[in-house]
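In what comes next, chain A is part of two complexes: it sits with chain B in the first one and with chain C in the second one.
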Partner chain A sequence: MVDMVITESQATQGVTEAFNAASVELLTKGEPAWLREGREQAWSVYEQTPMPNTRLEEWRYTDLTRLLQLASLRLPEVEVGPGSASTWPDRLRETTEQNREAAGHIVLIDGHVVHADIDPVLAEQGVILDSLHDALTLHPELVKEHLGSAVSADDGKLEALNMAMWADGIFVYVPSAVRLDLPIRVTRWISQAGAAYFSRVLIVAEAQSQVSYVDEVVSDDFDTQTLKSSAVELVAGAGAVLQYVTVQRAGSGVFVHSAQRTLAERDARIDTLNVGLGGSVHRVDLNAKLLGPGANSEMLGLYFGDGNQHFDFNTSQDHTEPNTGSDLLYKGALDGASRAVFRGIIRVLPGAQRTDAYQTNRNLLLSSGARADSLPNLEIEADDVKCSHGATVGELDTEAKFYLMSRGLDKVQAERLVVLGFLGEVLSRLPLGGVIEKVTGAIEEKLSQHG
Partner chain B sequence: MTDASILRIEGLEAKVADEDLSILKGLTLDIGKGEIHAIMGPNGSGKSTLAKVLAGHPGYEATMGSVEFRGADLLDLEADERSQAGVFLAFQYPVEIPGVSIANFLRTAVQAHLPEDEELDVFDFTDILMERMEMLEMDVAFAERHVNDGFSGGEKKRNEILQMAMLKPKLAVMDETDSGLDIDALKIVASGVNKLSEEDPEMSVLLITHYQRLLDYIKPDFVHVMVDGRIVKSGGPEVALELEAGGYSEFETASAS
Partner chain C sequence: MPENETIQGLDLDEYKYDFVTEVDPVYRAQRGLSEEVVRQISQHKEEPDWMLDFRLKALEVYESKPMPKWGGDLDGLEQVLDEIYFYVRPQDRMQHSWEDVPDEIKDTFEKLGIPEAEREVLAGVGAQYESEMVYHSLREEWEKQGVIFDSIEDGLKNHPELFREHFGTIIPTADNKFSAMNSAVWSGGSFVYIPKGVSLDTPLQAYFRVNQERMGQFERTLIIVDEGAQAHYIEGCTAPVYSTESFHSGVIEIVVKKNARFRYTTIQNWSNNMYNLVTQRAIVEEGANMEWLDGNLGSKLTMKYPSCYLMGEGAHGEILSIAYSGDGQHQDTGGKVVHAAPHTTSSIVSKSISKGHGRSTYRGLLKVHEGAHHARSNVECDALLINETSRTDTYPYIEIEENDANVGHEASVSRIGEEQLFYLTSRGIPEDEAMAMIVRGFIEPIAKELPLEYAVELNRLIELEMEGSVG
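Up next is the complex of A and B:
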């Protein structure tokens, strides 16, 4: 660790013992010049960008000064995790065992790759699945072309910090017309309380290719706040199909921030599914860009909160070209004193005629202490479009519960069926192998604690 | 038909749980094992309330009287316990449960009716479900549809009888199962109920209806007229025919006086 004195004004801008110019400098060791410059530039953006506060519309319900203890975070110890699965933590092993069926796997413990494999037939066809560090050495041109092209330091304070400080990452590249039948599966375990993990995901699907990717994070509960920051860049060339699923099952104490942007070229389709189950705070900034005529995006979200969990989904759907479509559905159930914020905007530029854009957020409150705020929004500058937005916050239907109980189901089973049915709509729209079962199982686990 | 009583309602009074609104005002009714009873009465007389009170709807509160079901105090049981004990209510307005398939729902319900240590055999269950759906002339694809979600009125009613056929109750309360059914569907539903009666001659049925029509296909042993929360007349099937001719006006003036 680098000793240095942090002034008060630096501290208010998030310069801390762990996050400072010197720690960025350490990370650049051995990296190519363009990347070093990228980090340094990101750091200076970070320093100059004020910490978002609740006066900003996008952060109105998520008070970082209260929820994020930047100053007490430290960088993870460099400990290379155990390589053989038999010595992995039980939960990690169980999780990876459920994920067998795949085109390839990466397992990370505290950001270190402890397992990687890929279907050799796909590797032969030029499919790349690597840690970002390895990809920098093996495929420098590809990484240079795309890294930071979707999520950059200019997107915000936390994005700038990620760009300056990222320590691990995943790089997926699918050449033109290569189609993967099974998803790529990435499983992450984080173990160090109080650590800040910065990672990036970069997926490039060239024209007419097809790939699906499932990223899952699991951890124990932590007493000290632990940060998991990620930047996710999804790029689909003409006619490509890219599906991205992230399942957040971190333990309590984890502050999760995920900045995601999708860039869909002509006739491409990029679908995303954000599942939020664990952690203490989970904020997603997702921007879908429909960049070419005929591009499409399905944007799905599912969350189940309990205790004091806080979810905040901030989404935007940008239509710049004609005949583009986006369809967003975020659904969540909230128990205990948990809270969810959904803030979404559909933007249709004048040139984007014949756009179909939809946005729906539905919340189910399972307790009187839970709360959901939903702020859907439209900004339409074209006249020949089909757009709609809607939001609901409701309680568990007592008639539905009675109906099920009158068939012999007890109260817990009745609630379980209603909640799973409500949330299941989201999962059924992106039925990737094993995801439905896994997420349903995790929700059932949370429901079994419902009082 | 036996003399043994399965359901004995004595002077039952019930009101809306969180309001000062009484609906059942001293209702007495005795149903024997294997008997088919029909309750007829004008809109608003409290027929559905009676059905829901019997099924344990939390929105109503019994304030007076007693309900004995197979010797036990029914009012003491939760809705799920009543179902497990053998009470079934075919709803007048079945509830939509989005996202929950009929097959999944019924599997859970049938499992809930088994003794605690008994695990449902999924293959047997599927066989029985298919057979029951065939009996009710339902398409097999129906099993994968979400419970009542987007169903037509007739489909909802048929789905109620499917559930009844899967749960094999000792007492089936059917609340206006005939409304919303065309004549063909009505015949199918009625023959389904009759078949269940044949399978289990001890099953009792309480039919709630407006119309004689249903009673042409499911023949009641007793017919009761309900007005303003009470049974005002009981008799054999001829009572239904009299009502068909004369309507309820006779009883309504009687109860108002």
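Up next is the complex of A and C:
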């Protein structure tokens, strides 16, 4: 690495020994000119964008200056991970073994693809499932057309850093009218404490196609902060159906940031589910754009916090055309001294008549140290709309608990059932094979530590 | 059905308070805000030194604070503030007998519909004209029981200890830029004290009138409701329509002591050239009950969020808010409830109607501090949109630090349903009447809480504007 002196003003803008113009330059080696320019431009946006602070409405409850130690992060060591599953860490292997039913798999260790497969029948039909790097070589035009079209450097400081520094990612392409019956499953393992992982997901579903995708991250606990930054771009052509699920089961010490945007054309449907269980800090910025009449989006979220975990979900639903719909449901349970923030906004722009948009956030506080902040916002500039939002924060339903206890369950079992019932509503709305079992299992594990 | 043609008719914009009275003020400070103006105000009021110091410190705080970047559009405000008069003294001294009020001013209030008969059913009446209270009276029976209902200036003069104990403690100068401005230049408003155990069976009422062009009015009200007492205070606000902008910035401080009950009703019907930026807050002690009934119909921009700080066990706070925004109007209103003690309860109900290019915004905060166990709160916001150019926003903040609490927020946005209209017209009800019925039904939960004359007035306006609107 090039030795460099970082001035104080650069440091306050997030220029560090790991993140600087020279490290961006290294990444661009061998990349096409358009991508190199994209990275350089993103880097300059990063340098010029102030670090978000709590005076910004969108960062009001998540103090980055306190929670993110940018200066101590380094880039991961480049090692080619073991290709044979027998040498994988146990937790990774266990996780992938539960994912047999799939249209295709990708397994990444420390950001590098160590395994990829796809149903040959689908490959024959033109379905692409590749690492982003391979896709750049194999399908340069497709990647060029869509990469950065949904999440760009202009979206914010962290988005710009990701755009400048991404090391690898996933590219999924489904041609017109091709429909996948089983989900694509991606499993990630991260192992280097103190490293910063930048990756991107780009899924393009052409007109009338159908695809579902489940992305899961697991890791051990870390005693130094480790960053997992991702940018997720979901593009659905006319009449396409795209389902995206991400399950975050990282160890403690991980700071997770995920910037996601969905672009749904006429009559398309894009559903998302964000599950937050692990990590120390988990922030999601999700924007759904309903771009054509008939476009629809279901936006689901589920989180279970304990210890000092901090969750922050920042969502927006943009209705720019008539006859579009969106329905958001985020539910979470908070134990220990954990904290959750939900900030959502429905924007109905002038002329977007006959919009149906809903937004609900419900929180269950399980301990006296837990805290929930909820800001469900509406901005409505058309009159023929159906919009509503609701938010609740409350304690465990004691009546339900006592009912169960009177039927012979002990207190712990009864609480477990009530919490699972509360959170289960979210999972039942996007029942992809294996996800419910997996998430329920992880919640049960956390609940068993509930005192 | 040409629905918009009939809906167009719903119009609360008709403004009947647009008249000017020729009155020569006895004193008028120069335009704009400066230390000199602050000193002049204090000198005219013959204030003690501590109050002048308080004002001058507040001026510094005001100048050090940036203009808020949230809420309504305040871009043009700084220019307006340079042009307005911060202090206009309409007469030499306040009157306690209606006969002694100068005819021109008396005439104004008669035109506003505050006739003799109405004054007689109230427990007390106050009237502010430009910068000062010109009239204050309280029925003898209440005076005998120790009730104080006076101008804020007389409160400071006649009850210095009670005044100083509470003044500026509920809303500190530095709370926000406009509370700092008010603290520097306050003039007029009421000082109210309801002694222990006294229940007023009829309301106290205060009228605020801005008459001249380029006027800034800075009412300051301090209300102390002692233990077990009960009262209801109503304020109404009007002004003529000028082509230039006027400015009103009040600070209302209220203490509701143990087991007391208090309701504060505002019917804000300023003309559409008025900036109305008001800070209102009540401290609610153990077992006490505070209700804000906030009606915002007028003004160009209102930013006002009445708040209840529930400080004692079992305290209850309630905010009922109704807003109407027509062309060129933005009502940025709502409420704030802070639960700081166990077993506290609160409710916020907000209804807004946006018509033409009007914009109604609900902005609220609901906070439950750690330790405020068994807190319960419910917030409901409903917005009615009349035209496709109308706009509504909802920005609720919910911050919960206590697990043994239950809070909920619900909001919905709708327009007048064609089904509802069809149902009513198929029953033989003319369209304009049907429309009025639907709007009345929408605001009914709040209108029914209004004092009768205001409820009648609101309904009359809606009906009047429906007439002949079927095309």
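One rule holds for everything that comes next: the second predicted complex is superposed on the first by the 451 of 451 C-alpha atoms of A that agree within 3 Å, B and C clash if a C-alpha of one lies under 4 Å from a C-alpha of the other, contacts with A are read in each partner's own complex, and residues count from 1 in each chain.
Operating definition for what follows: contacts are C-beta pairs under 8 Å (C-beta built on N, C-alpha and C of every residue); 3 or more make two chains touch, one makes a residue touch a chain.
Because the structure is a prediction, the values reported are computed rather than measured.
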item	value
First, second, both or neither for A:L409, with chain B first and chain C second	first
Partner chain in contact with A:L142 - chain B first, chain C second, else both or neither	neither
Chain C versus chain B, contacts on chain A by residue	C
Touching partner for A:V418 - first (chain B), second (chain C), both, neither	first
Touched partner set for A:N377, first chain B, second chain C, both or neither	second
Touching partner for A:A400 - first (chain B), second (chain C), both, neither	first
Touching partner for A:L349 - first (chain B), second (chain C), both, neither	neither
First, second, both or neither for A:G390, with chain B first and chain C second	second
Chain A residues within the chain B interface of the complex	397-400, 402-411, 413-414, 417-418, 420-425, 428
Contact footprint of chain A on chain B as seen in their complex	55-59, 78-80, 82-84, 88-89, 91, 94-100, 104-105, 108-109, 112-113, 146, 163, 167
Chain A - residues contacting chain C, complex	57, 350-351, 353, 363, 365-368, 370-395
Interfacial residue positions of chain C with respect to chain A in the complex	70, 368, 370, 383, 385-415
